[in-house]
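Note that chain A is present in both complexes that follow, paired respectively with chain B and with chain C.
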Partner chain A sequence: MTDALPMRPATRDAAYNFAYLDEATKRALRRTILKAVAIPGHQIPFGAREMPLPYGWGTGGIQVTAAILGPRDVLKVIDQGADDTTNAVSIRRFFNRVAGVATTTDTRAATIIQTRHRIPETPLREGQVLVYQVPMPEPLFRLEPRLAETRRIHALADYGLMQVKLYEDIAAQGEVGSSYNHPVMVGGRYLMSPSPIPGFDNPKMHRMPALQLFGAGREKKIYAVPPWTEVRSLDFEDHPFRPVRAPHACSLCGSTGSYLDEIVTDDRGGRMFVCSDTDYCERRR
Partner chain B sequence: MRAAFADPVLDAQGAFRALLHAMSHPGRVVALDAAPDAPAPLMPAAAAALLTLADAETPVWTDAAGEALDWLRFHTGAPFVADPRDAAFLLATGAPPALDALDAGTDEAPQEGATLIAQLPALAEGRGWRLTGPGVEHEHRLAAEGLPPGFAAQWAANAARFPRGVDVILCAGPRLAALPRTTRLAEG
Partner chain C sequence: MILRAGNLSLAFGAVRALDGVSLDLWPGEVLAVVGESGSGKSTLLRVLAGQMRPDAGRVLYADATGAEREIGALTEAELRRLWRSEWGFVQQNPRDGLRMGVSAGGNVGERLMAAGCRHYGTIREEAAEWMRRVELDPARMDDSPRTFSGGMQQRLQIARTLVTRPRLVFMDEPTGGLDVSVQAKLLDLIRGLVADLGLAVVLVTHDIAAARLLAHRIVVMRHGRVVEQGLTDRVLDDPRHEYTQLLVASVLAA
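The block that comes next holds the complex of A and B.
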C-alpha cells in the first residue's frame, strides 16, 4: 500500500468550496446529524445532493463525511474492509482534492473512517467517527414497502413483523437467514439496519466508544448511534444471535479471529481465505 | 455591525465538530477554538452554535434585543419568531422558556423537536448532576449554574416523552455542553 502514513497534499483544489458541498447544504446536514445523535437509531430524511459519483457508490456516506470533515482530520476509507479498492481509493482522492485533508490506511491514525459494509477489526476509540455508506436504511423494507407505514411502525415501536420474519427463517431453515444486514435494536427503542455489514461485525456496534453515523444518499436518510449505546442484534432467547465467520485461518497473516473473504484462485476449485480488513492483515504479517 | 466568524467555512466546521462531540458525549464541556466576537449579552459559544446551525430554513426565537438581535438576524438570515413554540432553535440569554412550551416534534418525526441554546454563568465537570444514557460510558457529572430551580423535573418530563423531546445546548463563555433528550439526569 502506498499511503500507509498520513499523507497531505500541498494545496486543495480552490475551485471547490472546502469539502465540495456548499455551506447551506452542510448546515442542513449538520442539523440532521445532531438530531440523529440525539435520537439514536431513528432515520431522518435530508435533502441529499447530486454528487460527482453515482448512487450506490457511497453518496450518502460522502455527504455525511463532507459535513463533518475539517482540515485537521485524517481520513480513512474502506470498501468491504479493503483500503485499495476502486471505491475506497476514489473517495479518498476526492476528499484529498476538495478538502486538502490528510488520508491514511491506518485505522489507529484515522479520525474519520468512511466504510462500505465492514467495521475495522482494530477496535475504534473515543473521538473517532465511523461513517457508513448505506444502500437501504429501512430495515423493514422487504416486509412493508410503504414508507408511510414504516414511519408509523417506528413511531409505535411495533416490530412484531420483523420478529415473525426471524421466526419463519428459523422454522424453515433452523437458523436466522440473514448472514449480513441483520437488524439491530438501538437503545432498546428503534429497529435499525446496520447497513450490509456481516453479522460478524454486529457485536462491534454495541457500546462502541466511537460515534457511528449512517448516510443513505439515494434513500435520503441519515441516522446515528452515539458512543456507548446499546445495540442488540434481533434474536430469540432460545435462538440467540450468533455471528458467523468462515472456520479457517487467514492464508496471509494466520488470523483466526478476523472476518475472512473467500478468494477463488483457479478454475479447478482452488480457493484461499484471507482477512477482509487489509490494514489489520498487513499489520500482522 | 460586528463581523461573525473570521473564516465562515472553517470556523463553522470547527464549531459544528464541537457541537457534535458535545452531543455525542452528554455533559462533556467542550471549548470552541474560534468563536465570534458577538455583541453583549451573547456569549461566544451560543453565538457560534446559532451561526453554525441556523439559516433561512430555521425559525429562531431569542430573548436578546437591540444590537445583539440585529447581529443574529443579519448573520444567520433566519426568520425570528415571537412564540417559543414556533422555533426550531432558541437562544436564551436569560431564563430559558419552559421545556414543555417548546416544539417536541411528533412520534413519527421526533427530529422536529426544538434545540434550546441556554447561556449560563458557569459549567463545570466532576460535580453536580449525574448523567447517564447513550454517549456516557458509566456516569458523567456536570454542574450547570443558573438554570431555573425546576429544571431537573422539566428534564425528566422531557425524557419521559422520548422519542419526542427537546435537546439542550448549555453555553458558558466560549465553552458548551449538550443534553440530548436521551440523557438521564439525577441531581447530585
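The block that comes next holds the complex of A and C.
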C-alpha cells in the first residue's frame, strides 16, 4: 500500500480555504447535515457546489467530508473496499492538500471514512463518521418517476409500492439480499437507499455506533443515520433478508466472514477470491 | 347509510358539471348513475371518492367503526388509507387501474402489502385465489397484464380492488371498452362478487341494461342535476321524467 502509515498532516495549500469550500458554504452544509441527523433517513436538499472532480467521483461525499472535517481529523477513503484505487487516492490527496489533515488506511485510526460501495469489515466505533458517496438517493426512483409523488409517498410512509418491487424480485429470482442497493427502513419511518453497497453490508448499518452520512452531489441531497439507529432491510417474513457472500475463503488472508471480490488471475479462466476490504485483509495476513 | 352526498356543486368555468346533487347509499346497495355523455357522472364519482373537491356541498362516509367522516375534512393520509382499505375504485380503462409493469400477482397483492401483509406465501395464495374468483388462470400469476386481453385485464383490476375486501367500491363504466359478449360475462361476474361480498357500489354507466342487471337503485343525471331517482324497476319500467323516458326508450329502440 502506498501510504499504509498515516500520512503526516501536511502544510495545507494556502491558496485554498480550509477543506476547499468557503466557510459560508460549509456552514450551510452543516445545517443540512444537522437536519438530516434530526430526521433519520429523510433526504434533505442542499445547494451543491461545483467541485474540482467530476460527479461520478463522489462530489456529494466530498462536500459532506469537507463540511465536517477539522484540522485534527484523520481521514480514510475507500472505493469498493480498497484504499489504493485511483479514486480513493485522489480524494485522499485532495484533502491532504487543501486541509492538511492526516490520512490513513487503518479503519481503526480514522475519524472520518469516506466510502463508495462498501462498509469496512472492521466494526466502527462511536465518534467515527462514515461518509457515503451516493449516485441516486431516491429509493423509489425506478418505481415512481414523478418526484412530487415520491415526496408524498415518503411523507405518508406509504411504502406498499416498494414491497411490490420486492415481491416481483422474489417471484423472478427467488431470493432477497444478493444484490446491491437493497432498500432499508430507518428508525421504522423512512425508506432509504443505502447507496450501492452489497446486501452483505446492510446489517452493518443496523445500530452502528458511528454516525453515517450520505451525500448525493448530482441529485443535491444529504441524508443520515445517527449512531445506534435501527436500520432494517426490506423483506418478507417467509423470505427474510439474508446477506450473501461468495462461499469461499479469502485466498490471501483465509477469511471466511468477509465480503470477497472475484479476481481473474490469467487469461485461461484462472480466478481467485480475495477480501474487497484491503485494510482488513492486510491486517490479518 | 354508508355514503351521503348533500347539495354537491362543481363548475368547470361556465360548465356546471354538478348542480345541487344529493344522494344516499346504503351498506350492500348498488346504486347506478346513468345519463348521457357529459351529464356529470364521472365528476360525481370523483367528488364522492374524495378525488376532487366540490365548490359547495359535502360528502359523509360512515366508516367500518360506524363513525361518520366528512370526506372534505379528511387529511390526505386518512383519505389514502380509505382508498387502499375500505374503498376501491374500478376504472373504465384497466390500464389506468393496473400497474402494467408489474406481474398479475403483484397487481393483486399490492393492496395486501399496502395494508401491511409481509408474508410472501400468503400474498401468493390470496392472489391465486382471487385470480380464480375472477376466472383467470392462476398459472398466469407471474405474467405481465400486457399479455392479457382487455376483458382479462378488467377482471384482474377487479381482483386487485376486491382482494382487501373493501366495503364501498366506485366503478366508472367498468365494461365500457369491451366487446358486447365480453361485457355480459363481466357483468355477471361483478353481480356475483358484489352479492357474495355484500359490497356497496356506486356504478357509473350509460348502459341501461347493465344498470338493470346490477343496481338496486338508479340515479338519472342530466346537465349536472339528478332529474329522477328510485328503485331500478320503478325507474326503468315507469320512468316519470321525460328525459328518463327518452333514455329508456332509446335503449329499447336500439
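Basically, the second predicted complex is superposed on the first by the 281 of 285 C-alpha atoms of A that agree within 3 Å, B and C clash if a C-alpha of one lies under 4 Å from a C-alpha of the other, contacts with A are read in each partner's own complex, and residues count from 1 in each chain.
As a convention for this text, contacts are C-beta pairs under 8 Å (C-beta built on N, C-alpha and C of every residue); 3 or more make two chains touch, one makes a residue touch a chain.
Fair warning: this is a prediction, and the values are worked out from it, not measured in the lab.
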{"item": "Clash or fit (per the criteria above) of chain B with chain C on chain A", "value": "fit"}
{"item": "Which superposed partner A:W228 touches (first chain B, second chain C, both, neither)", "value": "first"}
{"item": "Which superposed partner A:L156 touches (first chain B, second chain C, both, neither)", "value": "both"}
{"item": "Which of chain B and chain C A:K35 touches, first, second, both or neither", "value": "first"}
{"item": "First (chain B), second (chain C), both or neither touched by A:D238", "value": "second"}
{"item": "First, second, both or neither for A:V164, with chain B first and chain C second", "value": "second"}
{"item": "Chain A: partner with more touched residues, chain B or chain C", "value": "B"}
{"item": "Which of chain B and chain C A:R125 touches, first, second, both or neither", "value": "neither"}
{"item": "Distance of closest approach, chain C and chain B, by C-alpha atoms in Å", "value": "11"}
{"item": "Chain C-contacting residues of chain A that also contact chain B", "value": "152, 156"}
{"item": "Of chain A, residues touching chain B in the complex", "value": "17-19, 23-24, 26-28, 30-40, 42, 44, 67-71, 126-127, 151-152, 154-156, 187, 189-190, 209, 211, 225-230"}
{"item": "Contact set on chain B toward chain A in their complex", "value": "8-10, 12-14, 16-17, 19-21, 23-25, 52-55, 57-58, 106-111, 113, 115, 134-137, 162-163, 165, 167, 180-182"}
{"item": "Chain C partner contacts - residues on chain A that touch it in the complex", "value": "152, 156, 158, 160-161, 163-164, 167-168, 170-172, 235-239"}
{"item": "For the chain C and chain A complex, residues of the former touching the latter", "value": "76-77, 80, 84, 99, 102-103, 105-106, 109-111, 113-115, 118-121, 123, 142"}
